[in-house]
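The following block contains the structure, expressed as structure tokens.
As written, the chain order gives the labels A, B, C, D and E, with residue 1 at the start of each chain.
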């Protein structure tokens, strides 16, 4: 799975029927130190994530292993909202602190 | 899924029978800010997308989860035409505006 | 799928039984403008492609969706020989012209 | 599979039910010579790996082939703790030596 | 599939039961001209490859299509030992010559 921040939402009315009713989120990848990394994806939301939240997403066939995405033409799914992570014992990100390079 | 713009079409008469009758689109990847990103793919069209339209495509086994592509040797499918997306609350692209760096 | 040119063939007598009798082609990726892009793969041929021909190949589990490759340890298959493609309405490549940067 | 070092752990209370009870590890990729390579992933732990341990992880649908991860929206799993490896006959890493560029 | 040279072996006693008894090889990628390319993987051996041999490996779900790897948490398998390949009609590598940039 990859760390990412939700940076936007996307609307598409003309789409495969399998994606009807799904929320599509625009994600920017984060490196392990919390900084923004290159690249990103558009992913289906399975956990009710909002803009600016830090999430985990899964890709490939694994992205179809949630109730929201099973058998859908979806290759990326947000399947967790991150509370916190640490590196070498130091907390890098904690959701309630709203800390990190993306805080505003 | 990845954002892309349809930049061309491809014809191949000698191909696997599973691809008979499919429309093959040449796509250029777009970054989240709407600019052209490196790379792209050739994808089967499942939604009637035309040249210059901004679309979403799915890859891998997920590309075989549409009626057009099930059980076909297809690893990329256009499964949505994008109406709009926003970043941090600002609209980056809206189809009816024909705005953005790719407008002509 | 990716555009590529067939640049060689490969022989391997000691291989998984599932690959017995398959033709293995060495491919170089092409960008959408027809120029050579970085990288490439070795792919099973399912359409009778020859050296210098421009082809499409599929990867991942989709590479096992042809008669030649079903249930084989094969992650790349040539599944179409390209006749032509255009970008923004201009023909970039047409097979019978033998035009393009790879022509000899 | 890829070589990596466990550099942290991640907590996510709001996640897909399929990931309940799983340990999520933050990994940094290692090159074959034992140096840190770019990139990394967040992976489910299936072998009880701890911080600073050198591990192997598998990605894609193969990441769902352990008891811990079957049918889960998980695209990366730590499925081995590395004892040692050699290159051209020379030992590059041996766990009990705690040698290598990451030793502290 | 990708070309690679076997550069080492890896030992892991604490691993998923599905990998018991498998030989794990450290591979370095080769470009089509036989030179060493960036990156590599750790792969399960299904053909009895030894150090310094030039091989083909398959990744993703295709890596589970050999007898040695079926249903295992394995995302890369060596499934052929390369005898030779040519580019544009010229032999680039022939096993019995022990020629090429990796010869010793």
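The rule we apply is simple: contacts are C-beta pairs under 8 Å (C-beta built on N, C-alpha and C of every residue); 3 or more make two chains touch, one makes a residue touch a chain.
All of these numbers come straight from a predicted model, not from anything done at the bench.
Enquirer: Applying the touch definition from the top, give me the chains sitting in contact with each of subunit D and subunit E.
Expert: Looking at subunit E and subunit D together, no chain touches each of them.
Enquirer: Would you mind reporting the rotation angle for the C-alpha fit of subunit B onto subunit E, rounded to the nearest 5 degrees?
Expert: 145
Enquirer: Using the average of all C-alpha atoms in each chain as its centre, how far is it in Å between subunit A and subunit D?
Expert: 21
Enquirer: Approximately how many whole Å separate the CA-defined centres of subunit B and subunit D?
Expert: The answer is 34 Å.
Enquirer: Residue numbers in subunit D touching 2 or more other chains?
Expert: Residues 59-61, 63 of subunit D touch two or more partner chains.
Enquirer: Which word fits the touch map of the chains here: line, ring, star, complete or other?
Expert: ring
Enquirer: Round the ring, starting at subunit A and heading to subunit D first, what is the chain order?
Expert: Counting round from subunit A, the next being subunit D, yields A, D, E, C, B.
Enquirer: Enumerate the contact residues on subunit C facing subunit E in the complex.
Expert: 7-16, 18-19, 24, 26, 28, 40-43, 51-52, 59-61, 63-64, 71-76
Enquirer: For a test of understanding, state which residues of subunit E touch subunit C in their complex under the given definition.
Expert: Residues of subunit E touching subunit C: 1-3, 32, 46-48, 56, 58-63, 65-66, 69, 77, 79-89, 92.
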